[in-house]
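Per-chain residue numbering starts at 1, and chain names A, B, C, D and E are given in the order in which the chains are listed.
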Amino acid sequence: MLKVLASPRGGGLLVLIVLIALLPLGFQNNFHYDVAIRVGFNAIVVVGLNLLIGYAGQISLGHAGFLALGAYASAILTGSHDWPPVLAMLTGAVGVGLLAFVVARPVLRLKGHYLAMATLGMGMIIAIVLNTESQLTGGPDGMSVWVSFGVAGLEANTPRQWYWLVGALLVVWVWLALNLIDSPFGRALKAVHGSEVAAEVVGVDTTSVKVTVFVVSAVVASLVGSLSAHYISFISPQEASFFHSIELVIMAVLGGMASIYGSLVGAAILTVLPQVLTAFEDFEHLVFGLVMMAVMIFMPKGIVPSLGLWLAGRARRPGGEAAP
Amino acid sequence: MTLLKVDDLSKEFGGVHAIEDLSFVIEPGTIHAIIGPNGAGKTTLFNLITGVYTPSAGEVYLDDRPVTGKAPFELARAGMSRTFQNLQVCLNMSALDNVMLGRHMHLKPGFVSGLLRLPGVVRRDREARQMCAGLMDFVGLGNHIHAAADSLPYGALKRLEIARALAAEPRLLLLDEPAAGLNSAETREIDAVIQKVAERGVTVVLVEHDMKLVMGISDHVLVLDYGRKLAEGRPQDIRANPDVIAAYLGTAHAFA
Amino acid sequence: MPLLEITGLKSHYGRIEALHGLDVAVEAGELVALVGANGAGKTTLLRCISGVQPVSAGRLRFEGRDITRARADRRVKAGICQVPEGRQVFGPLSVLDNLRLGAFRRKGADPAADLQRMYDLFPVLADKRHQPAGTLSGGQQQMLAIARALMADPRLLLLDEPSMGLAPLLVAEIFAVIQQLKGQGVTIFLVEQNAHAALSIADRGYVMETGRVVLSDSGQALVENPRVREAYLGL
Amino acid sequence: MLAELVQFLFAGLTAGAIYALVGLGFGLIYNASHVINFAQGEFVMLGGMTTVFAAAAGLPLAAAVAVAILVTVAAGLALEMVAVPTRNASVVTLIIITIGASISYRGAAQAFFDKQFHTLPSFSGEDPIDFLGAAILPQTLWVLGITVLIVIALQLFFHRTLLGKAVLATSHNRLAARLVGINVQLVLLLSFGLSAALGAIAGVLITPITSTNFEVGIMLGLKGFCAAILGGLGSGVGAVVGGLLVGLIEAFGAGYISSEYKDAMAFGIILLVLFFMPSGLFGKRTTERV
Amino acid sequence: YAADGSIRIGSFLAVTGPASFLGDPELKTLQMYIELINTDGGVNGRQLELIHYDSQANPKNAVGFVKRLIDQDEVDIIIGGSASGETLAVMPLVDKAEVPFISLAGSIKIIDPVQKWVFKTPHTDRMACQKIFEHMQGEGIQRIGMISGTGGFGKSMQGQCQEVAGDYGIEILADETYGPKDTDMTAQLTKIKGTEGIQAVLNPGFGQGPAIVTKNFRQLGFEVPMYQSHGVASKKYIELAGEAAEGVRLPAAALLVADKLPDTDRQKPVVVAYKQAFEDRHGAGSVSTFGGHAYDALFMAVEAMQRCQCSDAAGVRDELEKTAGFMGTAGEVTMSPEDHLGLGLSAFRMLEVKGGDWALLD
């Protein structure tokens, strides 16, 4: 059963579709839709980020910056310039893609913590610009997005409509991502993580692989930024903040590095958990931190891979130290 | 036409001359061994030839065209492939996937085609999978095909690298100590592998300290010492060369 | 009483059992060789002895004391030292620091004299003493790994393929050193792919196959054993 | 003009010395475990906050400081004990664990102390010292002086003692470290404990300048991380130079160019430096060969 | 309303995060008074129930929580939004859901233009600027330097002050900023000091920033007066800045000087009672005007409900709009369909720090 779930096209996708289709049966109000929609948005971003972090092993602590740029592009172009939302969104995505492409080469030459620093700095610079250029962005108070998102007369206005839109996008993106990691390109991606030299000497242009996946994950973040700006109808520079970037990375790692379904689980947990923990009031943050630590300590590979290994009966005993 | 020509090559690491003014040629279709004391510069030479390092001076020619400074992946696409003395295996992948990686450039690894899983991708992948499983069998890893790379013992990892290099179908194959960590019986298997590969027309360059292997299969031996050429010639001449014996082989060595 | 006595040793990687209940004994002052194919479990066994691989069943006794659960550093202190497979030098540290760390657990010894002995043994290490160990060539790192273990002045020396990557001249030298150490009373447990050489100098030998000891005899007898000759000596 | 320049210089040095102190803590844990401890800023916070509350509870200041250091060290050791046994965890996993720890420490401080800002008296008064026309607070000199002392101590420890080398060895190759008889657990406890103590001292030193509350660790941790990376991970001198540099860029940026973009300038320059020196100003080039 | 018959008051406040010193006293105030009201028998015979979420001053969180308050918790009224950004973010939501909403944030954009369902209790940032400039005008100050935080509050004040400065004949010659978590502002202040002809320095901001600015200001030996904004209107500021705070002027609600008000002041009983109640529970010196905003909002709502004997959204909203002569901690409030704040400039007092305490300037 779990094998089937874990195998890329062998049913996992089907389960996801069924889940998305049936979930609304359990929803009692719009708030439940709202949480589900936010899970969906996060999941889409995190799947992209996981391609970069989990599969290619290139950490980024700056992706919230790309997301925010997409959001602001949509807000500004539809708001002040009356562009149609889709065009604004695509323009934002192209812009973010170009930016990501330009910075990718020098940034991705860095490794490990240095890469983390560089991407973090990049995200911070974006956040600072958004915060400072208040004429354009509304500054720290943010700006409203009045235009509803729509294509060719079809508009997403109600939570229900948004739910199906986000659900459909998620399914498509998960399908594409699963395809990708199971393709030669995906193998190259994993090899960049495993050993860059090894990949190079069999003909993998590791730089271009890294740049591609960096740009793709940035563009996906930008698209989601645009969509969520229309959905929430409000954006602020906090979208670009370092915390938001970290939050996205935590989702990827908690759910499981190099696991597409893990990204979904991570996004779901990290979106829902704070809603649940409000019950703890003053101890909310303490409990949240402890939960996070506990998950990573008991499931160091992340929830989905660890559960998978455990259920498949192949979990390594702790203490078995592999040669580095 | 020479396949590989190394011309006045030098590499310096902060004052240490790992390779100094080295020149030699490798003719296609031969098995070429490079031997020499530890630290003579053999691995560095491989790194220079395959583009992992850039030389401090000198040129490398492939098919008479200068390729100095090209990236390793470009050289791989030009027909070079290699294994590493310090293993470079992707431990986050399965053993078979590591070998499949070797087929990378033969699989039209586009981003979009991968994303959409076009039929051609699926077909080529399936064929490659079969071929790579066959290669693993060929190097003696038949019973490890579905293992995770990080669970393989040392000796198996060495062979895995050979299989990966072969999967790339190179014209020029560089092996850095392929027999290290293998016992005599296993070395003989590798010996056979190398010979079969050479018979298919692949030029093999071999760095190895196992003299039985080197002397048995190579057509030509190059001896390095302190980054310079100490001797060059046919195996039987090298074996008798007093300089080589003094610097490398040792008199006590009773090689068959 | 054997110096090292292993009974019923089992060890797992995850749920996969790599050692299926081994019995091995090494007497004080002996040189014992262990041969086996790739993946037989030789390295796993040595790691169990050093305490860096969890033991799931069985007992390890050193000088009669049970060390099955003892911490790795305690074992080093007791005199069990290993030259690990794949060299495992401390790459960013200088050669000299690597050697000094070899003697980390020794109190009151004279490191200068020991260092000099190592430099005499491997002169190239003296030349490169201030270089980061990671920049050494493969063979030079192997020399460093051996020298580092010797710096601990071991009573039981575990060698995991010490000749790997060494030039023929040095291989001969390493075997000479091993014999010399034995002469000084060091007990040696030697895993070697160069099985012929290893068994030739060993008092006794064990043959391992897929996690089990399948044969044990005197070194000479094993060299002459037709099965060993065919499977491990390539003769 | 000169007075202005000197004032900017000291503005930069004040902020920079604070970043440097935090950066040193990052380096210490990194050197033993290759873990970037994102809870480092929280050590600083715990140091300051515990001192404030212990003093408020009636302890004399020196005793309060001692209590704060003890509490923080306990927090550091606890982190090591829960985080590091996760042996075959990847570096990213460990980072997430330390982020979880930082959230927990913050949450605990919020729940058990309060959410207010607090300050401590300066060690030797508030009267500024005049230097070439610029006014410098004595507390700044304390911070700078102790930073220098700590960096010298760390430098001696890592470069002159075998235990220091053992710490470095542990981070590079834990298996080999165990095989040469290093008690890896002890080394890790030592470095987490030291790093926490260092953080606590930093907290006590800088609270008179910056004041403290349960969330100050976030920004200090971030800037400390910048300092450690810019200087080159694991290098003590690097962390100090990196910290001072970040502080100076901010001060001169704010003074001469634009105070709104001073942080962006600092990040921009860090990026530029990394593009040309991928392991920071004093970081070791990787030594692993293929 | 709720099944158990209680009136549900929803709230989202920045209890943690960069604006926690706003959200924390606000929440404490709500909790304390709702408890008191309930022990006194509630409102219209029904108990009040507080449902609160910590928004951390993040607009996105606020939007999520307001949806939750509206859709899941089905609250009757929402009080909250410690910061302007989060308030602005949720305004379309409350408008659409038609739930009365009283904001505790400063920005003038919240009530200008007036939105049907949105009210607010604190003075606007614009009013603070006006009050400060009015005072400067009286002192004959015409050229000033400004140093603002880059957080929402500082940035908004900066903008508003720039806009109204001209009305008072004031020129802003130097305009510097600092980050919310900066540790040293001497560089910016040095620049201001070097600007020719500065007669005063104005520092809008909140958090620990203004305290550091104040200390650095003294360190550099400025000889002109310093003006702070109502963003530092709590004893904490004096505590953090220490002696450096002496002589600093700021506009603030009467609450800060409750005891020093003349007995004739109509506001005195209200602010003294609030101060007493808060400090009894949370310690001497803990009161701030921020908690007072929550007090005002809560009682405005409660009185509206009592007046109309209702708790339905439309009824409460209409009644809120009719609030007149309500005496709160911020001043006397009289709302109208055109004014959802209802405070005048006179509600602000100019204070000065003297001997480690607040003193009335006028």
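Some notes on this structure:
Operating definition for what follows: a contact is a pair of C-beta atoms (placed from the backbone, for glycine too) under 8 Å apart; a residue touches a chain by one contact, two chains touch by 3 or more.
Bear in mind that the values here come from a model prediction, so they are computed numbers and not experimental data.
On a Cα centroid basis, the chain most remote from chain D in this structure is B.
Of the two interfaces, A-E and B-D, the higher number of touching C-beta pairs belongs to A-E. Rounded to whole angstrom units, the spacing between the C-alpha centres of chain C and chain D is 42. As a whole-number value, the distance joining the C-alpha centres of chain A and chain D reads 30 Å. With centres taken as mean Cα positions, chain E sits 73 Å from chain B. Here the spacing of chain D and chain E, counted between their Cα centres, is 35 Å. Multi-chain contact residues of chain B, defined as those touching 2 or more other chains: 43, 52, 84-86, 88.
Shared contact sites, meaning residues of chain A that touch two or more other chains, fall at 132, 197, 284-285, 316, 319-323. Shared interface positions of chain D, i.e. residues touching 2 or more other chains, are given as 110, 173, 175, 260, 263, 286, 288-290.
Across the interface of their complex, chain D is touched by residues 50-52, 71-73, 75-77, 81-82, 84, 88-93, 97, 100-102, 104-105, 132-135, 148-149, 152 of chain C. Touching chain B in their complex are the following residues of chain D: 288-290.
Across the complex, chain B is touched by residues 57, 176, 179-180, 182-188, 190-191, 193-195, 197-206, 212, 216, 258, 322 of chain A. Interface residues of chain B facing chain D in the complex, by the touch rule stated above, are 43, 47, 52, 84-86, 88.
Interface residues of chain D facing chain E in the complex, by the touch rule stated above, are 4, 7-8, 10-12, 14-15, 18, 110, 114-119, 126, 128, 135-137, 206, 209-211, 213-216, 218-219, 247, 250-252, 254-255, 259-260, 262-263.
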